[in-house]
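Before I ask anything, let me first share the structure, which is written out below as structure tokens.
By letter and in written order, the chains are A, B, C and D; residue numbering begins at 1 in each of them.
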Amino acid sequence: MLTGMHIAVIGGDARQLEVIRKLLELDAKISLIGFDQLDHGFTGASKEQIDEVDFSDINAMILPVPGTNGEGQVETIFSNEKVILTEEIIAKTPEDCVIFSGISNSYLDSIVSKNNRKLVKLFERDDVAIYNSIPTVEGTIMMVIQHTDITIHNSKVVVLGLGRVGMSVARTFSALGAKVKVGARKSEHIARITEMGLEPFHLDDLSEIVSDADVCINTIPHLIVTASVISKMPAHTLIVDLASKPGGTDFRYAEKRGIKALLAPGLPGIVAPKTAGQIVANVLSQILLEHHKREEK
Amino acid sequence: MLTGMHIAVIGGDARQLEVIRKLLELDAKISLIGFDQLDHGFTGASKEQIDEVDFSDINAMILPVPGTNGEGQVETIFSNEKVILTEEIIAKTPEDCVIFSGISNSYLDSIVSKNNRKLVKLFERDDVAIYNSIPTVEGTIMMVIQHTDITIHNSKVVVLGLGRVGMSVARTFSALGAKVKVGARKSEHIARITEMGLEPFHLDDLSEIVSDADVCINTIPHLIVTASVISKMPAHTLIVDLASKPGGTDFRYAEKRGIKALLAPGLPGIVAPKTAGQIVANVLSQILLEHHKREEK
Amino acid sequence: MLTGMHIAVIGGDARQLEVIRKLLELDAKISLIGFDQLDHGFTGASKEQIDEVDFSDINAMILPVPGTNGEGQVETIFSNEKVILTEEIIAKTPEDCVIFSGISNSYLDSIVSKNNRKLVKLFERDDVAIYNSIPTVEGTIMMVIQHTDITIHNSKVVVLGLGRVGMSVARTFSALGAKVKVGARKSEHIARITEMGLEPFHLDDLSEIVSDADVCINTIPHLIVTASVISKMPAHTLIVDLASKPGGTDFRYAEKRGIKALLAPGLPGIVAPKTAGQIVANVLSQILLEHHKREEK
Amino acid sequence: MLTGMHIAVIGGDARQLEVIRKLLELDAKISLIGFDQLDHGFTGASKEQIDEVDFSDINAMILPVPGTNGEGQVETIFSNEKVILTEEIIAKTPEDCVIFSGISNSYLDSIVSKNNRKLVKLFERDDVAIYNSIPTVEGTIMMVIQHTDITIHNSKVVVLGLGRVGMSVARTFSALGAKVKVGARKSEHIARITEMGLEPFHLDDLSEIVSDADVCINTIPHLIVTASVISKMPAHTLIVDLASKPGGTDFRYAEKRGIKALLAPGLPGIVAPKTAGQIVANVLSQILLEHHKREEK
């Protein structure tokens, strides 16, 4: 249990509700900042303004997935107020206060490091990335069904990358009956693709491989679906690029050639906000429980 | 090949384009009725008005999936003209002319049987029903992703019926990582569900089984998801009813209880018109080829 | 429960122990005939000689899988005594006594029908055949691993028949990573094979299909793997014939050509006697429970 | 191609025949040492005695999987002669000669490093370990079928470790219909097990988890199935230990408790020698081709 811990949840969308629910279950004391329009009441959590909070009492601070923007503003779906996280606020927290976000940027990195606090970027953790790959795959399936006039079953699907997302994408499209080829550059990835019963290819051969692709799904955060690769695709190929912005596709050239190419960021929060929230809630509470246990000793 | 065969394709939507393409590949002579606004030209197929066609020369007549409506009108997506199929038209065809539709109704049955012609209802064939189950499943997946805030992976899914559609639904949702229970009444269905690695239950126990369902997918064309069953479901359960109209769900009661229930007819033509067209095209051309071979002898 | 029912279990092997265990759980009264050497004691079951039993009190009689041999002798693994089932014994039973065996022969059919008793041949039931397909498949896997020097994964496997056993064989070898082609003659089987993500072919094309097969698994109880088919196989092909004796393979020709061909009957009792016994026990007790319920009314 | 390369294949079993075949296909010049009793002739490979070979001309030396024994002797299945690999022999080779084995020992390490030659231990490569996991899994399946009286389908299987072998074991037993739980200690392994649709547990909880296990398969090269864990297993549990000698099981205690525990080393060479040979042949030739290309530049 997290009895005795005081946690500030600052901003965010529907996913944070799962986090709040989980932390309350574990008996933490919660201050909600940026939730004034939430009609759903949580017993045990008090809605507060950021300037009312006594940050010297806060053991952990939970920011939404993006952390802050470049000026320190925190996204608040459930409030119209502007919430700004500053160096001064961080300075008020106890020295062992931990700050959580999904990803980070130079502003957030800087205000945290100046104060020597610990920042946990949840989306960089392997476990979170793997759990999140599940709703990401389902979002991809939905997009492919919507944007093609054929079934996934028996279609020719090319997946790029066998990382945390790529393995899940490849496995699932194959389970739906697609003929899946997976491109990688490491020999152990080629071996694992083979073991999974899929057809491996080396990324050097991408141009030949796409020549009969119905769908090409990219997970590599690097320009890999180049103009030259796109020029080898049939006109009906659908490109779904899952890599974080700007993706790994030459979108300008795809449009010029009339190839449909979709950049699809943030799928977990879109297609399964509740599951996406539970993923963060579970990992976060696990970390807090271990932290709390260490504190108590 | 179908060389020497003259086929009238009357009305229909994008699916019929695959049929036309396939028949032309097999060298049939095609008259297109109800396609005047189709900008896509087919070499070897001539667009005609229904009153211009010499039906005495027609060896096969292909209607769209619904056949006709109750007054004999044929749906024409690619034309604004009203196309009516009458007893007189059928009478003009050669005695061994075969008429194809997806399903039928009393009007169509009657004008065909009065003339002693053969009517092939493609959607009643086992093979077509099984092939069509594939796009049906993908449409179901899309709806479930869209209408829930959780992932299919690890969700509790109850499938009703292990017929041609039910088996495909059950297998695929399980492949996506759902915990699937399948309800049936025949002991051999219970055995096959077990062999597939899924959890079987007898339909008599449906009320208990739905008590923790996230999704309930019905394929039984019979009122089975009754008010009494719905009353046992959690508030968040999603019902997707695939059975043909009016489905097997008490939709009135579901709405009253605030349970989301969707009747989802005609998924193949919606989510994968090209595949749906190819399914019809393949089976139809197979039948025509055998018919043609017999004629030649 | 089967309280008040008196059941004679006559002969059989380890599989019958599961049947006895299950019936005792359901509170039946059991007479064991042909079990004198069984050291395992069952409380509630009495070991008897066949001439000591008062058959007028017996509500159900359970024979081993083969029933009797052509002279009425019942196989008894746990006894050296000769147990013969005669017309006279059957005549002593109450009119509604039900007799169970796996399969039957003309002798058994005759002594039962002369007395107008009901004979349930469990192995002819669809549910039992499907449940038994599971250990049959595992036995097949074991044989293929033992008799080839390659892995099943990535091997070319041809399965003949999509019946109760064929569907399970095809699904499982594919799950192990084999490239599976399945041969059938019905168009709905071809459709289901396609839906399962496997490669279908018509049995008429068997000779071409086997030309690169590593393994050929037959489930069709009919001569189908003929000399002509075998002559098209590579020298290293392994044939596993699961069809009941004499199988569907020209074994004489296979031997002549040096192709390894194995007839593999009775796999469930060999590779998983406990599961095989439970399958019979579950279905049998289900039937007895329904029978008992009807009797009571 | 490997034209112009001279390779010495020294000793080994049937697996090496695949290596020889592959290297000949690539046009290498081959000297076979320890193959005098091989009746199978390879055109392009000459059988030689180790003291006849001109090692100054040898570009690569291929030892069997174990390398040598502690005294430098090389296993030769196809010869009765004693073949000893010495420091002197290595010294005669060109400086860029590469030596291949599966694993190594202090003797082999020492004679190679004294001469500053490169030793490639193929079985330590990730790709080889993953490819080899496939026949390892099939060997495990065979053992489980042979040593239990139930089917794998629907049995409770506990897999320890999600490494290169563990992932393949877990996936495949699940594909056979087993209820699979996988134990690991890293949070990203727990996440991947979840994504695979299997039930994860932390190795700290192993004692509770095994309490209803039918089969326990270990891949962790560390004592993990301790007396304390074994004491919690049901009497019928089968332990299959795949970890390299001495395995991760307290075999002494298992025997004392009457729990069947099998140490199963070297499965690939036993159950699928041809595939195992091809795995080595493919990776080895890949490495030689890259080496050769570099040499030529």
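Simple rule for what comes next: a contact is a pair of C-beta atoms (placed from the backbone, for glycine too) under 8 Å apart; a residue touches a chain by one contact, two chains touch by 3 or more.
A quick map from chain label to UniProt name: A, B, C, D = Dipicolinic acid synthetase subunit A.
Just so we're clear, the structure is a prediction, and the values are computed from it rather than from any experiment.
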| item | value |
| --- | --- |
| Result of counting contacting C-beta pairs for A-C and B-C, higher pair | B-C |
| Distance-maximising chain from chain A - centres being C-alpha averages | C |
| Intercentroid distance (Cα basis), chain B paired with chain A, Å | 38 |
| Distance from chain C to chain B - Cα centre to Cα centre, in angstrom | 38 |
| Averaged-CA centre spacing for the pair chain C and chain A, given as whole angstrom | 52 |
| Multi-partner residues of chain A (each touching 2 or more other chains) | 134, 153-154, 177, 194-195 |
| Complex contact set, residues of chain D against chain A | 125-128, 130-131, 133-134, 167-168, 171, 187-188, 190-192, 194-196, 283, 286 |
| Residues of chain B that touch chain D when the two form their complex | 153-154, 177, 194-195, 197 |
| For the chain C and chain D complex, residues of the former touching the latter | 14, 134-135, 138-139, 141-142, 145-146, 148-154, 172, 175-177, 271-275 |
